[in-house]
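Below you'll find a set of structures to go through.
Same chain, two partners: chain A is paired with chain B first, then with chain C.
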Partner chain A sequence: MKIELKKSGQHNRHKDVAAAVVWTTSGSLVSAGDDHRVLQWNETLDDASELINLKEEWYPTSVAVGPNPKRSQGDVFAIAFDDGKFRLMAQTGRIEKTVEAHTGAITTLRWSADGQSILTAGEDGLMKVWSRAGMLRTVLAQSAQPVYGAAWSPCGSRAIHTAGKHVAVVSLKATAKAETWKAHDGVVLCVDWGAASNLIVSGGEDGRYKVWDAFGRLLYASTPDLYPITSCRWSPTGDAFAVGGYNSVRLCDRAGWSYAVDKPATGSVYEVQWSHDGTRLAGACASGDVLLGQLVMRSVSSPRYVVTQTGPATLIARSIAANTDEELDFREPIVKMVLRFGHLVVTTATQCVVYAEDNWLSPSTIMLKAPAVAVTLGRSHIALADKTDTITVYTYDGKTASTIKPPHAQSDRFSATSIAVADDTVAIIDHRDAKAVRVYDTQSGKEMGKPLVHSVEISTILLDQGGASLDRCLAFVDKNRDLCIVQVRRSQRRAEKIATMVSDAMWHDDHHMLATLQEAKLQLWFYPACAFVDQDMLSFTKQGVVTGGDLGKAPYLTSFSGNTCSVRRADGASMTFSVPPQVAVLQSHTSRNAWEDAIRLCRFIKEDALWACLAVIATKAKELNAAEIAYAAVNAIDKVEFLQLVKSIPTAEGRKAELAVFSGQIEEAATTLLQAGLIYRLVDMYIRLFDWDKALDVAIKHKTHVDTVLASRQRYLEGLGQRESKAKFVQYSQSVEVDWDDIQLKIQQALEAEKQRPGATPYV
Partner chain B sequence: MDEENTPVTVAGMQFDELSKIRVLDPEKHEQTEELGEECRTFLEKINSFHTVMGGFVELVDRLAKAVDDEKMKAIGARAAVDSLSKKRQSEEQLLQAMIAEKRAELERLQVEQDSLERVIQDQDQFITTHVMNK
Partner chain C sequence: MSYRDLRNFTEMLRTLEFPRLVSIDNFRQPNFPLVAEILIWIIRRIDATATIPTDVEDETDRVLFVKAVAQFMATKLHLRLNTKRLYEADGHAVKELIKATSLLYNALKSQNEEAPQGGESGPPVTLSDFNLTSKIGELKVRAGAGVPAFMDEYEKLEAELAKTYETYIEKFRNISYLEQELEQHNRTEQDKLEETEQQLKRMQARLRDEEMRMMRGSDETFGLGGDMDHSDEETDSDADLETEPRGVATYGSMRGGMDSDEGSDLSDSFGDIDDDDDDDDLGGLGDDLDDDQSDLSDDAF
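Let's look at the complex of A and B:
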């Protein structure tokens, strides 16, 4: 990835320092300079027209564009000046309002994402929030040093500002305490908070730029440049950011390492701004020049193809094996490109073009109603979030599967990590409450059940692609970096935390396998759903991958398909690791119910991890013989004995209930038994779980085995040497006669009756 | 007739050889003539000296101008050389930055290649242990 930079010509540029650039809502570039002019540039940057002529004594420092309440009248410009005032101006140059905001110059002015408020920071060390009409809302921060840079948090509830060598995050809620940390060895000059990435980038006089997470943990620090870093800005797509310094514009990956650096002879680059689609970059320079850069050489790859963007609207797909190139041309500039699941999805402003990997000649084209802001791929579907806050799900042949309009959605906060799509399920992180995930059906677009609510904010969600629909697993990483999985299509959604300190996770493209990055180590989970079946096997079915060296501070996963898993290291190097192929083979055997083949495979490979996987999968499928063999192979004698016990149960419902108890699904077990009318089993189950109240309730309700419960309770209390404390038990033990021999007889009768049931079939 | 005692002589006048009447005595006349001649020559010489000098001054002026020009050129060239070295320096910096960038890229690719080679190794090993030994 790199940026092709273009400089404005000698005669067009500002006659003095260019102080600010901004993209208007319609996507044209506007710049303001110390020559008291606001210029609007054409697409190619070779012509500029004067939009607003400012008064002689007005020196603009920062410009932001906000929505006009009356849409027909174009944008509203908020222009900050060095005398501490900012003015709201119409496109025509008419001054709507002049606000005396700061003493000394205003250094930064930012409009909030929802367009409702304006953030200003000044040399007087203050940071203030204004309504969009220019009424003061709050003074957010006061510091002893001038504030050179400030930015909104993605949700708009907090803001970050610089103060000397420090940066501080302040909340709009008055009660919350500001978090301050030392960011640089020199004065911090610029700061930005990415809406899509939720990461912070800062640059300072020490010539370094640094990437932080939202809690101020350092993720990356660059090597020092000779000159100060004067500007930095996240791309709206969240996967890259730009850094401006003296005679330099740098393009960096979200992890911090630099893709490319450009050295235009323009003096310091005071401001950089991305276009709304994140494909172009503008810069305001000390020489009065305005820079315009086009993002090119973006590249995506799959095991078979590497697709590289060579021009604004051209791609080259290179086959790795055959080393042949296929050139793909588009009518409009390319905005996004994603290559996964054997398909290349390219979006432009009005189209989404889908290629199958082997068929570059006849793509299917989808016309878009609004520009796409995020693209997420599943094995058979594409989820496209667009500017109208809507998510549309398409199949790879271009047909619309469903349209989802999540409540409270905010288009600029959609990203590939906040949407997940699988064959049957679409999951979306709620925008108002990041603790909640909304789950939709892919085909109907209807929300399934209530949102899944977690205890803390969720940052990344992923859906597994393989397996049965009922077992669809959502994995999510929360803000504490804990990884949880939950079976979203079940009525009982039980989230199981399976790993901590997870920086990234990814499901396998075809199978129920998960790759995680924990404390810079790559971990493979061969069957994470064992958290829902047998937690003890979780540690057996995971495997650390020998990465041969440190993966650095913030590595992320780029692909997990076939027999390989790729990781992008913190320094930008892509590393590929092999994934044992036997797990995939095992899973394809078990999905066909070919248990004999699966056992033969495990015997051949002789690995505990594989046996453990088989044990769990077989238990889940109620394939008790295979499970018994597999548990025996991993020396889990207790489980083998348990399975033998289960096998001795004469009814299928009884076995099902027992296995449900085994995997902790008590309610499911209870429903099964109740439906089958196996009351003794139900009472017995509650007794074994020491859930005395429930056992007694069931017994009373069905008027049977009340004495069994009471007797068991008595024996239990005697064993512990305690007295009866439950009022209900005291009451019933007075009215009910307890005779142990009688109870034994009744139990025998119940078991005998179960055997004689019409549906009773012994397990074979 | 006695030349000495002619009335003309008496009046201080004389006749010359061509018998023309002369007021001055021929010797003086001759000297005067000579003086006149000398004066004329002198004037001519002065004149020619003037022209020569004029030419010379002009030449010197031209020379001075040429020297000045050269001097300016030399100063310009020196400045250019100075700035060139500065320019070279910044170019060098730029190239160094580019080299660092490329080196980082190379390292990245190296790491990628190493990891891919390890994948080949792993796969070969898998094949030998599980397929060949069958």
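Let's look at the complex of A and C:
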């Protein structure tokens, strides 16, 4: 990635320091300077027109653009001045309101994402929140030192500000305590909180810029530059940020390492601002110059192609094997490009163009109603979130599959990590409550069931691509970095936590396999769904990958397909590791019900991990013979014995229920037995689970085996040396006679009756 | 004091290459040594020979210093500085300082602007200008603009430049030759020194061996003499082998010592830089300007 920077001409630029730049809602660039002018620049930065002429004694320090309540009248500019006032001005220059906000200069002014509030910070050490009409809401922070930088959190419920060498995160709720930490060795001059990345970047007079997560954990610290870092800003896409210093503009990856640095001779860059689509960057410089940069040399790759952006509207797709180039031209500047699942998806302001990897000549083109803010790919679908807070799902041939309008959605908070799409399911993190995930059907666009609610905020969601629809697995990483998986298309959604300290995770492109990065180690999960079948096998079916050295701080996964898995390290190095191919082969055998082949493969490979996978898959498919062989191979004798017991059960329902109990799905087992009318089995199941109340309830309801429950309970209490404490049992033990011989007889009768049922044979 | 003044002032100091980094928060508290350092530096930039008292330890010295500075600014730059504010050495002093620095800053800025403008003058000639009629027309326009008049001057200057360049090349060649000679001389001298040292060592070892032999001589039987000699030679050469590496080791360690000395010097100076990073030291001013000069070079690291 690179930025092609352009400097404003000598004649147009500000006569004195340019203090602030801002992008208007319509996408044009506006700058304000100490020469008391607010300039609007054209696309190419050749020409500037004076938008507002400020009074002689007004020195602007910061400018933000907010929505106008009356949309027809254009934007509202909130301009902060060095005398501590800020003014709300219309595009025509008319002053709507003057607010005396701070003593001393206002250093930063930021409009909230929803456009309802304004954040100001000043030299007096205060940070205040104002309504969009300029009424004071709260004084958020008071510090002894001047506040040079401040920013909203992505959800707008918190704000971060600098104070000397420290930064502090303050909540808008009065009860929450501020979190303060020392960020730099020099005064901190700028800070920004990425809406899409939810990461914080700060820059200080020590010449370093640092990346923090939302809890203030340091993710990256740069090597010191000779001069202070004066500005920093996250790209709206969340995958990069820009840093401005003395004579320098640097473009960095979200992990912190630097993509490119440009050295315009313009003095300190006091502010950098990304355009709304994240493809252009503007800067305000001490020399009075305004900078405009175009993002180029973005690159995406698949195992077969590398696609690189060479100009604003041109791409080159290079085949890795044949080393041939294919040039792709677009009518408008490229906003986003994604390459996965054999397809390249490119969006511009009005179009979404889809190429199949082998067919660069005839792409399918989708006309967009609004600019896209996030693109997520699945194996056969594209989910595209746009400015109108809508997600549209397309197939790769350009047909609309469905349109989803999630409630409370805010377009600027959509990102590739908050949307997941698979053949049959679309999942979206709720924007009002980040603990909830909404699940939709890909084809109909209807929400399936209630939102899935987790105990803490969810940061990333992923859907697996292979496998049956009913087994569709959603993996999510929450803010405590715990990885949970849940089968979203089941009526009973049970989230199973399978790993902790997960910094990133990715499903395999074709199979039910998961790669995770845990404490800088790459871990492969050959069949994570065994958490729903047999938890004990989870540790057998995972495998750490020997990475040959540390992966460093905050690495992330870039691809996981075929037999390879790629990781991007924090220092920018990309590392590719091989993935054992046998798991994919095993999964393709079992999906065809070729159990003999699967067993032969396992015997050939002779690995516990593979046997464990087979054991779980076979158990799930109720293929008991294969499961028995597989469990025997991993020395799980208890499970082999259990399976033999299950095989001896004469009815299919009985076996099904027993296997459901095995995988912890008690309710499913109970329903199965109840539907089949196997009351004794149900009572017996509850007794074995020591769920006495339910056992008794069932027995009473069906007026049978009440004595069995009572007798078993009695024996259980005697064994523990305790007395009966449940009132219901006391009551029934008085009225019902308990005779063990009689009970044994009844049980025999019940089992006999089961054997006599039509079609009842033990499992073969 | 105001945020904007501090921001612009620190920016100007950066652009004018003031040897320290000045923090935006340096003038929140009175900081006379830093103000004095900046003033001295400004004056030295304007007039390297100016005599200004540099002692600012106690009150009377400071008053004298501020007076001298104000007088200098008034006479040389026609700038009226408020001495009271300068003495306060806080944000108000910045307002005074900025008057002087902005003078230098604007001069530098306009100088930078002129340079590219000079290069841009004249209509651009492109390959498509091969149309003769348009070319003739163009020439006429040029003749009208008086280009040939400058052409003469340009050629004269070019010739002069070529001559100067030639002498420069000659001098440069001479100096590099001499430098090479000197280096070679130093190297041979060093080699010689090493050789004599080694010889000395070898001689010492031989003497020691001889002494040992003489001491052992009484115990040895006569008949083994020849063998003895042989073995002696062996031991001798062994000793040589031993001393040689030892000699190298000594030499190595000597150099190593020098290296380590240099290393510690370096690390010391890095330590200095680290100290300089502290806010307290940022404002600190050495008594001696020469000291500051050395600080300057340290900062260049």
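Following the convention adopted for this analysis, the second predicted complex is superposed on the first by the 764 of 764 C-alpha atoms of A that agree within 3 Å, B and C clash if a C-alpha of one lies under 4 Å from a C-alpha of the other, contacts with A are read in each partner's own complex, and residues count from 1 in each chain.
Note that a residue touches a chain if its C-beta (ideal position, glycine included) is under 8 Å from a C-beta of that chain, and two chains touch if they have at least 3 such contacts.
Note that the coordinates shown come from a computational prediction; the quantities given were computed from them, not determined experimentally.
S.K.: After superposition on the shared chain, which partner residues are touched by A:146: those of chain B (first), chain C (second), both, or neither?
M.R.: Only chain C is touched by A:146; chain B is not.
S.K.: Does the superposition put A:312 against chain B (first), chain C (second), both, or neither?
M.R.: After superposition on chain A, A:312 lies in contact with neither partner.
S.K.: Taking the superposition as given, does A:216 touch the first partner, chain B, the second, chain C, both, or neither?
M.R.: A:216 contacts neither chain B nor chain C.
S.K.: Classify the contacts of A:268 with the two partner chains as first (chain B alone), second (chain C alone), both, or neither.
M.R.: second
S.K.: With the two complexes superposed on chain A, say which partner A:574 touches: chain B (first), chain C (second), both, or neither.
M.R.: First partner only, chain B.
S.K.: Quick one: name whichever of chain B and chain C touches more residues of chain A.
M.R.: It is C that touches the greater number of chain A residues.
S.K.: Mind working out whether A:189 is in touch with chain B, chain C, both or neither, as first, second, both or neither?
M.R.: Touch partner of A:189: chain C, not chain B.
S.K.: Both chain B and chain C touch chain A; at which residues?
M.R.: After superposing on chain A, chain A residues 226 contact both chain B and chain C.
S.K.: Using the touch definition up top, name the residues of chain B that touch chain A in the complex.
M.R.: Where chain B meets chain A, its residues are 90, 93-94, 97-98, 101, 104, 107-109, 111-112, 114-116, 118-119, 122-123, 126, 130.
S.K.: Could you please specify the touching residues of chain A with respect to chain B in the complex?
M.R.: For this pair, the touching residues of chain A are 226, 247-248, 257-258, 260-261, 263, 548, 563-564, 569, 571-578, 580-581, 604-605.
S.K.: Hey, which residues of chain A end up touching chain C in the complex?
M.R.: Touching chain C: residues 10, 17, 34, 59, 61, 82, 104-105, 107, 123, 145-146, 148, 164, 185-187, 189, 205-206, 226-228, 246, 265, 267-268, 270, 286-287 of chain A.
S.K.: Per the contact definition, I'd like the list of chain C residues that touch chain A in the complex.
M.R.: Spelled out, the residues of chain C in touch with chain A are 2-4, 7-8, 11, 14-15, 21, 23-25, 28, 109, 112-113, 117, 277.
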